[in-house]
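Just so it is clear, A, B, C and D label the chains in written order, and each chain counts residues from 1 on its own.
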Amino acid sequence: MSVSFRALSVPDPSGLMFGRAPKPVSCGFGLELGKGQVYPELNFTLPTMVLDESNWAAVVAHYEEIGTSIQRAAKRLKLPGLMVEFELLPPMTEHPSWGAEITAILHRHLKQAHKDFGLPCALRVTPTDIRDVTRPPDLRSGKPVEALLQSFEQCAAAGADVLSIESVGAKEVHDEALLYGDLDGVIFALGVLAPRDMDFLWKKIVTVCSSHKVVPGADSACGFANTAMQLSSQGMLPEVLAAVVRAASAVRSLVAYECGALGPSKDCAYEGPILKAITGTPIAMEGKSASCAHFSPVGNVAAAMCDLWSNESVQNVRLLSGPAPEAYLELLAYDCRLFNQALKSGTERAYQDLLVESDVHLSPQAYILSPISTGRIASAIVKESSHYAMTLAAARESVLILREAGQKKELDLNSREIEWLERISRDLDALPVDEQQLLVSMQERYGHLFSAASYGL
Amino acid sequence: MSVSFRALSVPDPSGLMFGRAPKPVSCGFGLELGKGQVYPELNFTLPTMVLDESNWAAVVAHYEEIGTSIQRAAKRLKLPGLMVEFELLPPMTEHPSWGAEITAILHRHLKQAHKDFGLPCALRVTPTDIRDVTRPPDLRSGKPVEALLQSFEQCAAAGADVLSIESVGAKEVHDEALLYGDLDGVIFALGVLAPRDMDFLWKKIVTVCSSHKVVPGADSACGFANTAMQLSSQGMLPEVLAAVVRAASAVRSLVAYECGALGPSKDCAYEGPILKAITGTPIAMEGKSASCAHFSPVGNVAAAMCDLWSNESVQNVRLLSGPAPEAYLELLAYDCRLFNQALKSGTERAYQDLLVESDVHLSPQAYILSPISTGRIASAIVKESSHYAMTLAAARESVLILREAGQKKELDLNSREIEWLERISRDLDALPVDEQQLLVSMQERYGHLFSAASYGL
Amino acid sequence: MKELQELAQSVEQGQVQKVSGLTQQLLDSGVSPQTVLNDGLIAGMTVVGEKMRSGEMYLPEVLQSASAMHGSLKILKPHLVREGAQSRGKIMVGTVKGDMHDIGKNLVSIMLQGAGFDIVDLGLNVPPQKFVEAITAHQPAILGLSAMLTTTMLNMKTTIEAINAAGLRSNVKVIIGGAPVSQKFADEIGADGYARDAVLAVDKVKQLLGVTA
Amino acid sequence: MKELQELAQSVEQGQVQKVSGLTQQLLDSGVSPQTVLNDGLIAGMTVVGEKMRSGEMYLPEVLQSASAMHGSLKILKPHLVREGAQSRGKIMVGTVKGDMHDIGKNLVSIMLQGAGFDIVDLGLNVPPQKFVEAITAHQPAILGLSAMLTTTMLNMKTTIEAINAAGLRSNVKVIIGGAPVSQKFADEIGADGYARDAVLAVDKVKQLLGVTA
């Protein structure tokens, strides 16, 4: 652990506001994040197609088309600024030069837009965490690890302005624990294993970034908390469980910042507000704007504290208006105009209230994303000093928040949700203070799924 | 002319608010419009496919899938109410039983949702105006006219709750005039020809509606004003021209109400706010939410006074999250939560200001959609008593509004736009007071394009 | 029979101990293992499937029921084998090459097991050739392919082609699933079926095998 | 030549009278009609096309230029015919069956005329058979098909098939356009080209006919 966060950067939840971050980030072609404006972060991916050497020309053509339509739309929409994210697909990480080639293409289009009409803009590049091709995954050595690090290197050299990842260390345990609703396993994965992998991986990423003068962005607990959110939205898991997992997952994502990450956080990291409260860095968020990529119960509240507003991902298919990425850029641009108009006219608090109040009473997952809940969870985290204790504290605080909300009738929890909340509470209370003790029982239950060496254990 | 509007139903622009209309509409399964809430209006269409007898089973399967996903999403999103629009494709109007069959399917799905979880909902059905298959179009007799009227009949019988159309009378002249930037032709089409066709057509539609106890919705000047908007967004026409056409087009749309239409207006009828100010009926609007269907410079401001909020149209293709119509329903639902939260917390004025202020300074087309501009144009219209004079007054008022905005530096017009605004102003000033006089010159210039008999001339 | 109903209910409630106990009791009292399986375990899991579909049961509860069933199956298996009872059918599942998503596929496995089918799970990132070899080795009645990426879903096609090329296509029915795929895509690549979720996957398998209950 | 430059500029500015005057003047002073056409009219319209693409000219202005050009062409035509000058090529356009959108197609016609091509416009809602008959009658070098609906774009395919069936496919190149279509779709249905907008349509036609300026 290089930096450690022992106090909140934004101590008062009322200081948590979209567009403003105590530690702004400058990147790319003059894009300034957290300095009083919210910008779109556009995401896209390939439509159904073969992704290999034989079809590479078609792959390139897609990204060229996307680049062209970004330029066109940015001008038409008079965008005040833009972040573009290129999320690599697995084969593009396995072959680092492929990802670098696409990075260079998108970089060129942004450069052109900056030259032609002065667009402040930057390119975030996110290699795929391909380290889990074997089971149990070998997270610290072997070909995938080498390819992944090469991918960071080559993308940085090819024109990335920000590097990020959605890393998967401990997911092999968390997936299983989640399905069984086993809180011991969930906390073990998030609080014991994942932080160790984050520490390993992010020290390397920050080194690459330093040598290329690229901003080390951040990580996302997507593989953990969004998996839980998806499963709950399909009615497979209780919402309260997904909410608690979200809160607990913030700690493993925080480790990136301990290693030197500066933000902006990843769009799909809905734990972003907690990270902002703790570190003061700008965050990317997505909500209703990402309904092309996944459904969620946090469509508005997710926007309450964002510095970038994203659509998560959409295939480059043709809609009636034009290419889908262009249609989504328009949508994001208008949403951002609202944030910025509110900031300009001094009505940002009222607008934030609308975003928050319109969602929080309808879902526990939304409730824990309010500025007040965010502040409480963040406070609980910085009071502790080990990752395990921090994770446990975050989870427990979220249970308290939800229980109180239910009691105050601010949240309408049905009886099954209430039962689960109490079950989760009991399970969390029963967890040992000492992480070594947990390690022993977990090795017994999940030992076949993970390799201790991958976590330096 | 049955009813004539000589005064504004909402005399003060500050009374123009989303979710509230002096003359609310009840329809379908308990859906109440204009009574203090805004609801989504979901639109969709077929993906690329053959639409004929041989492929009918596949067509039906699409609408069944859409119906199922509407039910699923409405429940997941805890929607407080929903309007579904079924816009027929041309062959479904040519074969009235086809349109009726799909109407029945969608009606069944809504009925089910109402039964299962009490969703207040209604189905708007919009046959295609197929009367222009011949050139010049025969608008009053012949097979297409018969099929169109049959389509209204059969869809009403099959379960439509609201009937609408986007009628095309006078478009054959307007298209040509628009391309040449000929204001004489534009005003002639919108103020002389179109109202005559509207009067003919809407009396028939209202009759069908009465006999089936269906709500006569409204018409859209889409073929006129949205064509202009599209052409201007492609850089082919000046924005000020598109803005003036929008204002002028409100009069032909108003004729539907004179004949007994009760609203809600059509989503793509961006002239809706003017209609609301005059008639007091609820309106459907679309903006950023419709970027799947067309790009526009009015993404936020379009929402300022809406009672239904729509996505215009999206193909039933699969996005990463699920079917595109479901993704758009989620988007609309969250936008509606914001309207409704603002109404609930009494901050609707502040939110409306954000919606308006964030757009109006960036585009003349947005500027004339503000509540104040709306009020001015509506007032100018109700002061006159002939459709021709009303149309001319609306156009002239919009020119004044834009000129003042430019002078006050509320709108940044470039020199080409200013030149065009003055050119339009001169052309409008030169138009005769007497419509007969215009008719003569226009018959000379556009006589080959339209049949006088189609307009009872 | 009251005890069988109780067994079914205990499966539904995920009571591991009780289910094993009841199983033993029923066998001891002379009820045929086939009856215990069908009218107790599978009957219970059918209710579980329905409750999952209607949103009345969460996955951890379903898995708890599945555990209870497994405990009972351990006791039943030797008896069933002895009586030469037939499995309802063997299903092989796997996530196609290049794809590391397996939660969906795992759920499908679990629900199929709950419905009384035997499962061979090849895991994730499975190359076409491995499917071919496993079909030869295990002779499943149905192969279920899973893919979650628009860039890996075409590997379902490649896999079917490899099975074709190996001359095995007529031996096995192929069904597919995963977020980006659809019935239309299934038709295009010549699969025999598609299902939107794990519960419908069970229906589809039953339909293809002509199993009625 | 100064006068030709002036002519080109007057076309660009849409000065109908002046363009006709200059045309007559140039012919009178012995400049060949072919030179007037190429270095005056087409040169002017090329600039117009570029300005339209870059957003410096609006459509009504473009149409004004086209009118000016037409006035001049009326004067030039007899001279060109007399000298046996060749047209740059004949292009036939039409919106396919079931589709009533023609603004886009009309623009394409106008820009092609501006670039010196002869146009045969079949209008909208054109059934395949009518295209076939018109190809036989007019022998165009290129056929441009337009469609704006996802449910009519497949009629482009039907039309190409009808042309094939009539044995005319090798006589005519087919290009397509309209909001829902794409290069990919053009490839799928066996068209020879696609263009996103009217200006690119001119480029595509020139490319297919090997015209360089």
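The rule is short, and it goes like this: a contact is a pair of C-beta atoms (placed from the backbone, for glycine too) under 8 Å apart; a residue touches a chain by one contact, two chains touch by 3 or more.
Just so you know, these numbers come straight off a predicted model, no measurement behind them.
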### Query
Distance from the CA centroid of subunit A to that of subunit C, rounded to the nearest Å?
34
### Message
Between subunit A and subunit D, what distance separates the C-alpha centroids? Give it in angstrom.
### Response
51
## Note on the structure
So, in whole Å, the Cα centroid of subunit C is separated from that of subunit D by 62
#### Entry: For subunit D, residues contacting two or more additional chains
150, 180
## Note on the structure
In subunit A, the residues touching two or more other chains are 45, 315, 320, 322
### Task
Pick one for the touching-chains graph, please: line, ring, star, complete, other.
other
#### Entry: Touching chain combinations (by label order)
A-B, A-C, A-D, B-C, B-D
#### Entry: Residues on subunit A engaged by subunit D in the complex (per definition of touch)
318, 320, 322
### Query
For subunit B, which residues count as touching subunit A in their complex?
45, 73, 76, 78, 233, 287-289, 291-295, 299-300, 313-315, 317, 319-322, 324, 326-328, 330-331, 333-335, 337-338, 340-342, 345, 347, 350-351, 353-355, 357-359, 362
### Task
Could you please specify the touching residues of subunit D with respect to subunit A in the complex?
150, 179-180, 182
### Task
Using the touch rule from the top, collect the residues of subunit C that touch subunit A in their complex.
52, 55, 58-60, 63, 98, 100, 102-103, 106-107, 123-125, 149-151, 153-154, 180, 197
### Query
Which residues of subunit A touch subunit C in the complex?
45-51, 89-91, 132-133, 135, 175, 179-182, 227, 231, 234-238, 315, 416, 420
